[in-house]
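Below are structures written as structure tokens.
Same chain, two partners: chain A is paired with chain B first, then with chain C.
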Partner chain A sequence: MSQIAPTEPASSGPGRRDGALIEVRNLSKHFPVTEGIIFRKEVARVQAVADVSFTLMPGETLGLVGESGCGKSTTARLITKLLPASSGQIFFEGRDITKLSRRDMLPLRREIQMIFQDPYSSVNPKQTVGQIIGAPFDIHKIPGDQKKQVRELMDRVGLNPEHYNRYPHEFSGGQRQRIGVARALALRPKVIICDEPVSALDVSIQAQILNLLEDLQDEFKLTYLFISHDLGVVRHISDRIAVMYLGHVVEVAQADELYEDPKHPYTAALLSAVPKAYSDTDARERVVLTGDVPSPMDPPSGCPFHPRCPKARIVAGSKDKVPDNCRDVMPPLGEVASNHYAACWYPVDVGEKLHRAAHA
Partner chain B sequence: MSQAIEDFGLPVQGPISGQDTEQVEGRTPRQLFWLRFRQDKVAFVGLAVILLLTLTAIFAPVIADKVAHRGPNDQTLAREMTDEFGLPKGPNETYIFGADKAGRDLFVRVIYGARTSLLVAIVATGISVVIGVTLGMIAGFIGGKIDTIISRLIDVILSLPLLLFAIGIAAACSTSKEGCLGGRIKPGLGLVVFIIAAFSWPYIARIVRGNTLSIREKEFIEASRSLGARNSRIMFREVLPNLVAPIIIYATLIIPNNIIFEAALSFLGLGVPQKTPSWGRMLSDASRLLEVAPWMMIFPALFLVLTTLAFNLLGDGLRDALDPRAGR
Partner chain C sequence: MTQERLLEVKDLKVHFNTPDGIVRAVDGVSFKLDRGETLGIVGESGSGKSVTCLTSLRLTNLESADVSGEVIFKGRDLLKITKEELRQVRGKELSMIFQDPFACLHPLYKVGDQIAEAIFAHEDCSKQAAKKRVVDLLGAVGIPRPDSRYNDYPHQFSGGMRQRAMIAMALVHNPDVLIADEPTTALDVTVQAQILDLIERLKTDFNVGVILITHDLGVVADVAQTVMVMYAGRPVEIGTKDRVFSQPLHPYTWGLLESIPHVDQKGTRLVPIQGMPPSLIRVPPGCPFHPRCPHRFEPCDKDVPELYDRGGGHPDACHLSIEDKKRLWNERERRRRKVAS
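Then we have the complex of A and B:
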């Protein structure tokens, strides 16, 4: 990987791996909060994504989890270049695509596709299914019998090809999501970024769509970045999982390892809230986090989790105190076990009980 | 959630389980619109009146020739249709709507007036739709400084004392044959259309901008962008089809405004040229003879009210049928 810039800090992290399909390095995005109508003045900024690094290896599914507003969708939009990054780099097959123009990006659009969260907003109500799924062929001027190709796609994702000329309002949420899947699949991409593709669906339909995504992955050798706020859903589809909190990636590990042995106190707290039947560890006590998620407009100093962290309170030995380094210094995303990364000064030990701290 | 996870991972259910494939009913948006519109009796009456008026306007020369046997400026019967004091006579067998003060057939003039009214209003509305949609879409879609400029322009025009300005322009340009701005703007139908269009496009632009702003945030726009679509494709293929309903609705609703606008200008003697029959000018003529010749007021006024009412009813019906969620 000769393209790796010399500016790269020497720290090891999950953001460095040879042969990665997508590599995200120190990616940040802030949105300015402006005031004034004619002369806009930036009065604050929302730090939606802060110094995020990770890799996506060919054929794998990387789950990206975190609470609402932690920056998952923004990360997805940065990678698909729907939004310009404030800083950091995005590599696709080793090539820096961060600054590519729309025209230069065009061929890469075929490789990186996206499935959206809201099946009602993600398909144009004024276009027929045929037009929606046919759009990628139009935009990329793909020769051949478009109608036939679209019908094949419809068949593949479980839609009746006869419904080619129907409008989205005639379809259920699950079927609309299949339209979105077919559209993303049309150009035979290498990667599909799935931004909460099942969150808006009925539980009974969720499984069908997840099954479809898995089947398609096998058939077309797809790589997924699978975003969800639902740890249950991510666990089953993901090979590795990255946990986000307030714009930061705080932990990355193999899916099973993350569930069995979470190292970051935030991950541990999240997992403790997942119903027992779906987490392997027995007798996991629920860690109730105190306080609200801080505003990304005014993020805490040091570790972003320190105002709510039970582990920091255990270390400090008091309910109202946290260690100085937690409060002042942002912990780097370091390797705490083999291929297991966590951004924490005091990673959770195996079997350590955090719930007491929260109630101590 | 729990159920999803249980089902998930069991390969028994293939992706093509037809479970939610059945309840699909095959109706296009157009069919749905028609189903809803058909039930709206009031809007239907409006539509019927408009069609009738349009036919009347188109065939006014034929009707005048075959039914009344005279043209709008025909004064051959002027002597019979005015009394010894020069006052017009009321409706009778020959002049079913009565005569005006020059002894012309009011019926013929009223149906010719429909021509003027509809022509001016529809052409002016067409122009304002083109301008309004273009500027509204650019403002809403591109945003930033361009949006600020266009939006302020809209605000300024909408806050102007419209009639006063229109009168000003019309007066400056219509009083002499040479027109104004060194003869670049000539008096006549064209000027009236221009003035009306200049003051009514902001209504369309404002609606279009607002709708564009909300459509722009939809995920299907991002989807299109993530496929690599150009802005032009997104505007014409993704945004514009979603604007058709509001454009039709608001165009239908500003037509009656523009009809009244033209009538007002003509009433003030600043509208269409002298010889062109116009409801506004007829009303103005009638106002001086209201006591002795009320029919001169009644018939043009009746047509004016009927026409604007019909367009308003149709517009409301279209709104209900095209956009049932937009409550009132």
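Then we have the complex of A and C:
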């Protein structure tokens, strides 16, 4: 486990932890925007993931939340090496896997599996369920009675094993997602990256899949990286949560602490924006953010959140002004409370109201 | 306080004939909408909420679908009036916002011109006057620098701004009723909060009646005064928001409420509804929810429960007695609070 060559320390706190199953250090990914057909010339860059560091401890569920375009799915694809990283490192059980070739990566793919958002487009419609769930066994040349193993898996995830020869279109959305879960589980991986696994499902079905994922975690000692834009779902399933905004991780904390005492103004605004079906505390106080998420092609200087940040305006004392350091310098992800990290120059105080501050 | 009744739907049924059989998409829906009221319609996919609203605007093809019932809008049955009369009403007095704002805007025309087109559809008006109205509206729905944004194309707008543009288009003629079909489903939560605030503000400013269709119970709890919960093409309960969320009467609503993970509550095990929503071709006999209902008893698989008001203006469609319902719901609530604490 500890054969990591001790390189330079990670830029910020939550990036280093002993015994981590997956460790991500200063990971970045940009996509070039090109012009021209024959002579391609890079005219701009989309900074999808910017200097992201975090660890995933064995047996835990780390939630990754953020709005569309914040880089959560790109992060997942970088970790599974479905995309090459532009810079930074990814460690799996202490081993740097950032530069591994496809062939060297193959044995590791048994350990890191993925569940996708759209259960239908992530399976081959021309294959039967048995073939889909059996594919990992073929790829990794696992000996033994494949059919029996697949049937056991189907039974475990709540599919009728007699439906072995059916095609994906014969199943409902929830059942299709169970197929995806069974396939991810087939090789008994250590980590499953769940990229919005319940977003396409109706609430009653969503609850069934979430319960299934929890049961499987207990049974097979799985570690999850759980990506979702649904803050209720993330709180429900996660032990720790990382919040992303415009490619940056802006806050990391234990789930309950993050929801009860968010330190980053973006997290506070995000949480207050969720409409609650029934809450024991009445009187909603939404922090309505003005404007939209900026384009990652042309991110703001300094803190990426400063153009929309209500707290920066409170600090500056005017709705048109922000403090200089917010505008000019990207704040590091620093420890603001015990095991609670936030990338903000002026973290939110306990119980502080940002409500409508931006309009004040 | 007298309220102006804008829309009344009576026993609406929409059945589609398909090669596989008759799809009973909507099977007996009735509701009323007053001026200044927001009615939230919730249900899972396939519960008939969108078809109900599309048919209220007569956007379902009456030739291929089998539609019965009445849609009374300001005293006229929209299902019976002539096409020309319908054209006068649609988009002017009764307008709609759809889920996917990108699919509703033509990618090759300027956003402003597309909104202006909605003006020309109903009145003669000079180009300059139309443009001025559009710019004012774009400003009213919160688009910054509306006069230069008028000339933008849809791809230059973000998702939230496109939805604002669609709302502006729906409002050009000061409609009486605004139907919003999942208006925030495609948007991020912070933008969703902006759009919900906007709809609420416009409801007051323009004094319209709003029908909001959504699958998100949180959105309904946030903006609606009246809530209708639908399952398999029928309403299972209709009541004020406070009643439906604090003392829901139908086991399906209980199941929905217990299925959602809460943002403001620690993770406890969810209680999903067993099984799956039924196919609308083969709706179970009796109460359509009975195969999934943990409280079913004898009459449930034989008699269809009628939507029935047991007093309190909160009708529901379930065979359980009101005492049983109150007891069962309170038991569930106690259990939930115990687990949560």
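One rule holds in what follows: the second predicted complex is superposed on the first by the 338 of 360 C-alpha atoms of A that agree within 3 Å, B and C clash if a C-alpha of one lies under 4 Å from a C-alpha of the other, contacts with A are read in each partner's own complex, and residues count from 1 in each chain.
Keep in mind that, in the parts below, a contact is a pair of C-beta atoms (placed from the backbone, for glycine too) under 8 Å apart; a residue touches a chain by one contact, two chains touch by 3 or more.
Quick caveat: nothing in here was measured; it's all calculated off a predicted structure.
Shared-chain residue A:236: touches chain B and chain C both.
In the superposition on chain A, contact is made by A:80 with chain B only, not with chain C.
Taking chain A as the reference, the larger set of touched residues comes from B, when chain B and chain C are compared.
In the superposition on chain A, A:172 makes contact with both chain B and chain C.
When the two complexes are overlaid on their common chain A, residue A:322 makes contact with neither chain B nor chain C.
When both complexes are overlaid on chain A, the residue A:249 reaches neither chain B nor chain C. Applying the stated contact rule after C-alpha superposition, one finds that A:206 touches each of chain B and chain C. Contacts of A:288 after superposition on the shared chain: chain C is touched, whereas chain B is not. Touching of chain A by both chain B and chain C, each in its own complex, is seen for residues 172, 174-175, 203-208, 210-211, 230, 232-233, 236, 275, 277-278. Every residue of chain B that touches chain A in the complex is listed here, in rising order: 1-5, 7-9, 11, 13-17, 19-21, 23-29, 148, 218-220, 222-230, 233, 237-238, 241-242, 244. Touching chain B in their complex are the following residues of chain A: 37-38, 77, 80, 82, 102, 105-106, 109, 112-114, 116-118, 121-127, 135-136, 139-140, 157-160, 163, 166-167, 169-172, 174-175, 180, 183, 187, 198, 203-208, 210-212, 215, 230, 232-233, 236, 275, 277-278. Remark: chain A residues 67-68, 172, 174-175, 202-208, 210-211, 214, 229-233, 235-238, 255-256, 259, 269-281, 284, 286, 288-289, 291-293 touch chain C in the complex. Every residue of chain C that touches chain A in the complex is listed here, in rising order: 44-45, 144, 158, 160-161, 188-194, 196-197, 215-223, 245-246, 255-267, 269-273, 276-277.
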